[in-house]
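Scrolling down, you'll hit the structures one after another.
Presented sequentially are two complexes of subunit A, the first with subunit B as partner and the second with subunit C.
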Partner chain A sequence: MSLNCKDLLGLEHLDKKDLQLILESVKPFKSLFTRSVKKTPTLIGKTVVTLFYEPSTRTRTSFEIAAKRLSADVVNISVGASSVVKGESLIDTGKTLEAMKADYVIIRHSLSGAPEILARNLNASIINAGDGFHEHPTQGLLDLYTMYEKKKKIEGLNVLLVGDILHSRVAKSNIWALTKMGANVAVAGPPTLIPPKIESLGVKVYYDLDEAVKRADVVNILRIQLERQQENLFPSVREYVELYQLTKERLGNAKPNVLVMHPGPMNRGIEISSAVADSSNAVINEQVTNGIAVRMAVLYLLKPSKTANKKQAALN
Partner chain B sequence: MRQLNDRLIWAVNVTFNGTVKMSLQIKNIRIVDPSQNKDFVGDLFAENGRIVSKLSSVPKTVIDGSGKIAVPGLIDVHSHLREPGQEGKETIKTGTFAAAKGGITSVLCMPNTKPVIDNAPTVEFILFKAQKEGVVNVFPIGCATKGSLGEEISEIGVLKKAGIVAVSDDGSPVSSSQIMRRTLEYAKMFKFPVISHSEDKELSKNGVMNEGKNSMILGLRAIPRQAEEVMVARDIMLAELTGGFLHIAHVSTAGSVELIRQAKKKGVNVTAETCPHYFTLTDDIVKLYDTNTKMNPPLREQIDIDAVKAGLSDGTIDCIATDHAPHMQEEKNKEFDIAPFGIIGFETMLSLVLNELVDKKVLTLSQAVEKMSVNPAKIFNLEGRGSLKDGSFADITVIDPEYSYRFTKESIVSKSKNSPFIDRTFKGGAVIVAVGGKIVYKAA
Partner chain C sequence: MSEILLDAAAFDAAIKKVAKDIFNQNKNIADLAVVGVQNKGVLIAKRFLSELCKIAKVSQETVPFGILDITLYRDDLDDFGADMPLIKDTEIPFDISRKNIILVDDVLYTGRTARAALDVLTDFGRPKCIQLAVLVDRGHRELPIEARYAGVRKVIDGKVKVECKEVDGRDRVIIL
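And then the complex of A and B:
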């Protein structure tokens, strides 16, 4: 079995069947981790390039480990933010990697749509490791898998996303995956950080976090970027903490077995209190472990052939 | 492509070989001239650059116009020819070729060249170049403020003497209400419009597409309709205050249409234009991050298309213009955020108007010609244009309503190829174009 596409650009483009296939494929890879030899020869002889235009430690490392456990050769490239504007064009960089016979290019970019540009111009499989405010599909998948693993189902789950929804690619990928799988998704945050028309994706909007957590089976907390305060999207960190930090107290209003998730890196004491981050409800470290298994599954399931490219077909 | 260019080059040589006496007869053609309220089949004559009722001798050129329609040459009131300064994108030569191919016989060009058109020598340079290398009439628009910086009114009187037909800071709209007030007030004595590219730059800051469901899904920073509408409202109020003559550029939203409609009802001296993409495309087509769908104002939604069409049909919107904005492939072939705003439009305007407005019964052909020729000539005081009556300049666009073609990238005459309409199929377009009685374009 494999996904009928060359690239993973966003979860918007996957259907329920695809998501189920991915969920089912993760487990065997995860079981590998407890063995003494954590490797399979699946991608032996393949070259995986991580092309990161934004600093990232955990996502890049996670992809690197995933690819290495599949026996691929991995090359990491970091490009400074300034060269997005001044340096070589993205397409030229992509073509260079293609000339070096990269089979997979995993791209992280500060601008939405950058992976789409690569996918359109390259034969290699493109995996979006986060683009601008658009999507972060493997994060969405690992969140989905973690919920599935812990709650044994997705359908009917009440999932709450908290914080800066407007600038969050993680939120977007979560929403696509969860709504397709039948979960009830809600978001909570200040109105300035909730994008317009988000309700059209089947999402309920709360401004009051206390109210929002009551029904949640899962609370997924997003990292707040402190520079948003300079853009006048909220008045001060102090007020943000006051209104939106997930504290023990607030968690007390939720179901006792509520799952607390965070894509990391956490701002402890800002969007999440240390007590919550370290509580038994939190599955933040397991998300990291699952991330590797999910990324292995994605690398395994993509079909690196141009003819199978769904999107190309849609373009014609 | 080669054939087409050869044809055009041939046309240039014929056009500008001095003061050769010309005479032209187009036989058996349907003549649609809203300036005279005429729509009939007959012959059209031109001699020495002007329309005449009768030729003084045997015509040098005779064309059979059966099945075709002659209309007053189209006038595009909003374009960017990029020369001087950005000849990689377009030149006066290539731009006017492209205009001719699209049935356009006169273009008004915006002042955001390098240097900007805030001084007489730049106006003179453009007019000289147009005379020497252009195939259609070129009318420069001058800067409203010096350097288009929005700080001091430009020397509008000097610029007018040099040949401008309006003032505008176009893409760098005057943000200070006081300066805009003064500009509208001062320009009154020149009896031509101040063109407002209505955009509140604070509200649109960093935005690259329309604010709505699609921008949310794509994760692109957005420009709300209100960024346009608050400035349309402000400038209407300032026109009301000063009695100045305001022309609103490229109307893209339902709210703007309504504001202009109300202003006209009140008797404010305001006119408006829209562009073919604002009555044809929605922001749904941004989906693949195709930078040929990125322009300013951005593509909106269906309700806006409907409102723009209603505004065209009830006379709220006076003109249809292209906002022809050429950009090189290497500039456009980038991440959506970084790529420049703008699309080319000369070669598709007429066909889009025919297919989207006339065929769909939003406008009659006569009304369409009004918006693309008669009204532009009136608003910008282009005497002797926008009409086929005796004595007018013999600027003629011959339309073949049966002319079917696919708009391919290879067929584009403009130096830049940034169009969202590539590979669209059209029915109806310009097949013969005459400027001053000389044929500058003939479809192959």
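And then the complex of A and C:
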């Protein structure tokens, strides 16, 4: 069993077999959560560094808990308080962490491709925790796992992503993973927030949410990035609410057992109404719990070995 | 070239012997629980349990049964390279505190699996005691661990393979 790579940079480059392997590896980790001792000694003596160039609470905390439950030592670096503000380059920061014997570097960066640059330059395992508009692979995996857990399958599932597809790395990772696993993926949102030519990824585009929601087994609602509203991509928040908020009324048109998901943080009353967020269809808190188990599985599958460096040298 | 250590009849006799030994030392069945180590230890544990219940004249449902996987507790995970071992299910659906646990594996060899299994169990709570039962104790210990019950004890240099009806179609133990 192997992912055949030292890093997790995105889901675009994993194949169906890899995704299946990750899905099947999650359950044993999730079953640890109900034990009296929730830790295992699996990553004892390994060092995990979280390097976040963008603010994050849930993703960073989730990775930290995942690593600690596997007994790794965790160091958190947030950029506001590091030498990055003194002008250090990304690669130099990475090299410094490697000199301190970091085995994993978990990075979030506003520029797409930043994790890949680190991966090319370091022996440590690099895990992308979100880069620009590119990918957020562990969020994609935890969404995939939550759907799999609830619906018992991915193939043939109708999954609808709603909102700002253009700026959303979560949407990209969802689309890669879900289409590979055989789900029917659709997106719905204002035309200005749907990337051109997205149909070429095998995705159906809707501009009318009421229409889109009818066939869905899963509705994954993305956060409206209010900080981008100054780009004037839609006329007003009030109009967005009117046309694209998932309300109880709109949910009424969907299948009764439709799953409602949101990667968080939620803007209640904007992309999702409070009533929907708190409804029995919503699995938003379970996504958070699953996130820890999924990240534990990823850390396990990417575990560095004594011989890893040698093997890599041989490949080069 | 392989040599047969236990044929079907000897296999059955070994199971019965261990079950009897467990019964003789644990007269209070109500305090017992049986836990098998993945993979083959689970099958052997079920055999021990069923024989034990026959001897004690109790129904099998009265004795709690669990399975455990040691993968996350192995001491050699650093040696696996990119190919990490598959994690299997651990299900201990009862409170292990104050239980006398019969921990079961098919073969006792270096003792490292038993060491890891002890760590898994103690992470679930504090049992009254843990007793180790195996089908074959083949010697070559690397840790100070011994089985209280064994179907057969013999120092074996080759590779020992346990076959069970449920998955291999027949019961036997061979030396490869």
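The rule is simple: the second predicted complex is superposed on the first by the 295 of 316 C-alpha atoms of A that agree within 3 Å, B and C clash if a C-alpha of one lies under 4 Å from a C-alpha of the other, contacts with A are read in each partner's own complex, and residues count from 1 in each chain.
FYI, a contact is a pair of C-beta atoms (placed from the backbone, for glycine too) under 8 Å apart; a residue touches a chain by one contact, two chains touch by 3 or more.
Predicted model, so just to flag it, every value in this text is computed and none were measured.
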With both complexes overlaid on chain A, does A:41 touch subunit B (first), subunit C (second), both or neither?
second
Examine A:91 and indicate which partner it touches, taking first as subunit B and second as subunit C; both and neither are also allowed.
first
First (subunit B), second (subunit C), both or neither: which does A:109 touch?
first
If you stack the two complexes on chain A, which partner ends up touching A:271: first (subunit B), second (subunit C), both, or neither?
neither
Between subunit B and subunit C, whom does A:131 touch in the aligned arrangement: first, second, both, or neither?
first
If you stack the two complexes on chain A, which partner ends up touching A:143: first (subunit B), second (subunit C), both, or neither?
neither
Determine, under the contact definition given at the top, whether A:64 touches first (subunit B), second (subunit C), both, or neither.
neither
Residue overlap on subunit A between the subunit B interface and the subunit C interface 311
Per the touch rule, the subunit B residues reaching subunit A in their complex are 211-213, 215-222, 288-289, 330, 333-338
Interface residues, subunit A side, partner subunit C - complex:
1-4, 6, 25, 27-29, 31, 35-37, 39-42, 70, 300-301, 303, 305-308, 311
How about subunit C: which of its residues touch subunit A in the complex?
69, 71-73, 77-91, 119, 123-125
Touching subunit B in the complex, subunit A uses residues 12, 84-85, 89-91, 109, 111-114, 116-117, 120, 131-135, 169, 172, 195-198, 200-201, 311, 315
